[in-house]
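The following pair of complexes shares a single chain, chain A, combined with chain B in the former and chain C in the latter.
Right, the complex of A and B next:
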């Protein structure tokens, strides 16, 4: 039962009309502090765990942070160090490659999946649920599971599977040439079903009459997808793209657990680098500068989402 | 209208033997790719073979040994830690979101837009980026000077601030008709009563959405517990998986058994509340 239906049932007919004209008084009823009382817990928690850390990240990024010794102002030196270091540049490059690979892979696969499992039969509902399971598997479990499946010798699970078609054995995450791609495959396995669900919601919004008209006009399946489905899904594509890219930028757990940046730095991403700088080397200032740069990149992308959304609703 | 016009591919229409076979192959392939690794996890955790990287569909010699060894390594304690964090974290998050949603949806007050924008802005702020300063804040909470590092409380309190839940509650509460509230007010109901007995009961579907989403998000937390837990006594189960794996005495089967325990709660929640989940996905991604 929707809210409106519920309301219709609960409100006695003679009460409702009498109450409506009082709208003007409603704003004055109650004390001014009532909404603030309801908001207080949220405000306290957001200030403590979002806004203060944000301010501190920016503050630390321009300081040399020395616990117990006092911080000293260093201006842009942390940023210069971050941007000038080979380690950060290669990590930033890996992050972009991983984000692009995962985003493209999950979107293409997710779109194909959505087309295949669109429909109402019970069998399809079952397949949809099964295909969606990877999304709810905790990241830590995903990483440990794929680590075992990526076992680099010939009796590793995936090596056995690709051995059936005469490939491998591959070193996967242990080989600098395949490590980043292996992490991307794991990410796609987890991301594609998510994208599939969003595409399915988008597909449900496409006017069935258009398909009918296209079929009557003699359009092939390929033409229907190209001229009806894809244009109808354009906003969904745009939003998914940016959401997935932002998700890719902040990747930490999979990389941390699968390779922790190795072998030989081939999978180091910005977040694992920040973690190492901040917690293993206690270089909080430099780590924060990296985090602020990452935030700036995320912000640019998110602003893109907002603009796209606005254009869509306009 | 023929069935062919219902979906983009019109798959439901084709019923020839060849088409049926093709569909069977495609759907089996899908199932293998996405559910296959999870079946491997399930089978491997019950498999006696010392090296479960071996391919097998059913456990060759089924056994509970992997679970027994996992429990010997303290998995029960990590599991309880996880349940503690998800229980209190979710309670806090839902309470905070419901209260804030009520104020933002049902009241008009100065600075309201500012508050709304400030809360929504945090959705662009991935918690990963705040990780380093968050540890400093948790080590010495400003004004009150409490140290939450190394405690489960340190993993729980930050979970209360989740803009997604507030957004869902606010949007949903806006749809409750004004007339209901007015009627209750005329009958002399106070603010708390209107909130608890009129608005909240009508928001059950939204509570389902934020409950299911909050649960899976919290259960999936990794970086926050990693930063806060200073020794294994405060580890949640996802963190403990890595410790288990690094232990040279532990076989992959034991890691898989512990992984199965770490996976089960969120899969069960998903299977039981699929409808709420789908609603949350689309409201979060398309409307939000």
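Right, the complex of A and C next:
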């Protein structure tokens, strides 16, 4: 048996749910409501704070919203306006670029970090906690720290560092040409440790015996990563990809705090645009239309990933 | 497959709820005057930090009002998402009775139908109001929808010790101002041997339209404008007039050519910009009077002086702003609303509002009969009051000024951030955007 087949055989993801027929019967015959009972508190909260507002947003997206005078039906006009505006298109493009950059960056960095700190030594626990810190620090603090580090003159922190190797000084978030990349770096810095933790959990699920078998077969470290680790992490990748992509699409806080879409609209993302339209200019209908479009894009992406995954595992 | 069914059920439910929501909200117009009850307590919302000095000042004013009239008032201070929370209450058809907020919110509130028209005859002392403040409470249709209670204008703060160091006087025109900014940037006025000082502090971020808000002081003094009112009462975009172009170019040159604006201005909103002035990184700053108490304690009263804005190519126009008492629609106690507005603009109310070192809620009085020197002997306040009365200019009352401010802020921000951009092309672009915004609001001249 080759190493590759071994990896495939031992992935347990779809083995567990195949329950015995007796249990299945019981679930169908009687207490179907028991799981719902347990879910009820969460569902009530979700309905009230999530689903109803979402439904209202859908309703508002086809109306001219004037809370006190009463809304008027405008049909697709809000959507037409949003889709027809250059601002939205460039914001959508920036969002995609940022989402792709942050997703790829955090996953690669997170994976490398996970490989580096995997293991059981006590010191590693400390290092793992330290590496996880960026996720715990409030985003507002993170943004303020990075603003200081991105100071655009030669005595800024990062500019001093890149000055050592003869680069810079760069404008970072203040230069329209580097601002989006700078925000992506901040996002990667924050997202990578989160990805790292999930990778670590995935790595722990890989049978150690496979590595030993691979070593016995004479596989190098690179081959072991390629043929044992990566296939073993496939479900983790899929989950992370969806999570990171959704997170990327919804990027708001760091952009809002660092640049608010500037300079020259170079970092305007869909969320900051929706915020400006809906809450700053009080054009809630148009803002809702943008939000619904963003929701649709996220949904399509998630469904696509799920379908791809299912096809591959079938 | 099961998950798909669940999802489908969820979406179905969501749509059903949406349909109900839409049915309930649609159609209902303004419900006319509510049944009146002159003893009903008044709910008052003020846009200030909860627990902060502004709230304390407001409570003091309200206490005096209660003592004088017998009406009961309940104060709620809200700072974050003020307009959003107001919209929510509007959707529930249960507005607070009184809202104290920026005068520039007038257009938005009128177009949402949440404020009632003010009958100035029913407001005691409304004939004592300064005309420019009252004009800011009039909407485009000429009706009054708010009662101004406070005003403010811009002036120039300058580092006094830096002036002495570079041997120059406070600037009186734009050339002197540019020269002083240059001296502050190049002559090491803080004497630390490093080129780390800059002439002018600029909050150039697009957040809340700061870039445009700041720039309006310069644009108007040069005779330019964002939008220009036509003889038929409609508006035309005006960012490509020769005056506007010249003003934009002058302002941009400060950032791009002579580089006297602090680095990073393009992404700074007001808090970090205030810090550059406090920390001795910038030597001039155009602001309203509300920052003086802060700078007095952080920087020191002796370290900076307040000067009138230098005269521009046309005149010394400065941005005027203010706060208004809005009498909200659907109130059960319109008599109480009127009485409160009357008290806020009375000589007594204005004086109470101005009292205190930090907790004042009236920046500059709007009542002709109130002399600021009688409450605040500090001559710097007199300077601000004079700037307001002689040169203050409000943003025009249009249904949605924020849209105009936002697009122009985007452009100013772009121009100071990217020195390679073609200025004329950018101004043409923003004129087009402004044209669209104006026609959306139904006030665009063809």
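In this text, the second predicted complex is superposed on the first by the 252 of 314 C-alpha atoms of A that agree within 3 Å, B and C clash if a C-alpha of one lies under 4 Å from a C-alpha of the other, contacts with A are read in each partner's own complex, and residues count from 1 in each chain.
FYI, a contact is a pair of C-beta atoms (placed from the backbone, for glycine too) under 8 Å apart; a residue touches a chain by one contact, two chains touch by 3 or more.
Please read these numbers as outputs of a predicted model, since none were measured by experiment.
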Requested in this report: Return first, second, both or neither, reflecting whether A:225 touches chain B, chain C, both chains, or no partner chain.
Outcome: first
Query raised in the report: Regarding the shared-chain residue A:176, is it in contact with chain B (first), chain C (second), both, or neither?
Result: second
Query raised in the report: If you stack the two complexes on chain A, which partner ends up touching A:238: first (chain B), second (chain C), both, or neither?
Result: neither
Requested in this report: Please work out whether A:35 is in contact with chain B alone, chain C alone, both, or neither, and reply first, second, both or neither.
Outcome: first
Report task. Could you say whether A:304 touches chain B, chain C, both of them, or neither, answering first, second, both or neither? Result -> neither
**Report entry** Contacts of A:147 with chain B and chain C, given as first, second, both or neither
**Finding:** both
Report task. Could you say whether A:212 touches chain B, chain C, both of them, or neither, answering first, second, both or neither? Result -> first
Report task. For A:100, decide between first (touching chain B), second (touching chain C), both and neither. Result -> neither
Query - Touched chain A residues, chain B compared with chain C - result: B
Requested in this report: Could you tell me if A:133 is touching chain B, chain C, both of them or neither one (first, second, both, neither)?
Outcome: first
Query - Set of chain A residues, in rising order, touched by both chain B and chain C - result: 51-52, 54, 56, 147, 151, 153, 155, 256, 279, 284
Query - Interface residues, chain A side, partner chain B - complex - result: 3-4, 6-7, 10-12, 15-16, 18-20, 22-23, 26-27, 29-30, 32, 34-36, 38-39, 41-43, 45-46, 48-54, 56-57, 60, 113, 115-119, 121, 123, 127, 129-134, 136-141, 144-149, 151, 153, 155-157, 160-161, 189, 193-194, 197-198, 201-203, 206, 208, 211-212, 215, 221, 224-225, 228-229, 236, 239-240, 243, 246, 249-250, 252-253, 256-257, 271, 274-275, 278-279, 284, 287-288, 291, 294-295, 298-299, 302
Report task. Write out the stretch or stretches of chain C touching chain A in their complex. Result -> 10, 13-15, 17-19, 21-22, 25-30, 81, 83-84, 87-88, 90-91, 93, 95, 108, 111-114, 194, 196, 204-209, 263-267, 269, 272, 329, 400, 402-403, 406, 410, 413-414, 416-418, 421
Report task. Note which residues of chain A are touching chain C in the complex, please. Result -> 51-52, 54-56, 58-59, 63, 66-73, 147, 151-153, 155, 173-176, 256, 258-265, 276, 279-284
Query raised in the report: Once bound in the complex, which stretches of chain B touch chain A?
Result: 1-2, 4-12, 26-27, 30-31, 33-35, 37-38, 40-41, 44, 51-55, 95-97, 99-100, 102-104, 107-109, 112, 115, 118-119, 122, 124-126, 128-137, 141-142, 157-158, 160-161, 166, 172, 175-183, 185-186, 191, 195, 202-203, 216, 219-220, 222-223, 227, 238-239, 241-242, 245, 252, 255-256, 259, 262-263, 266-267, 269-271, 274, 278, 281-282, 285-286
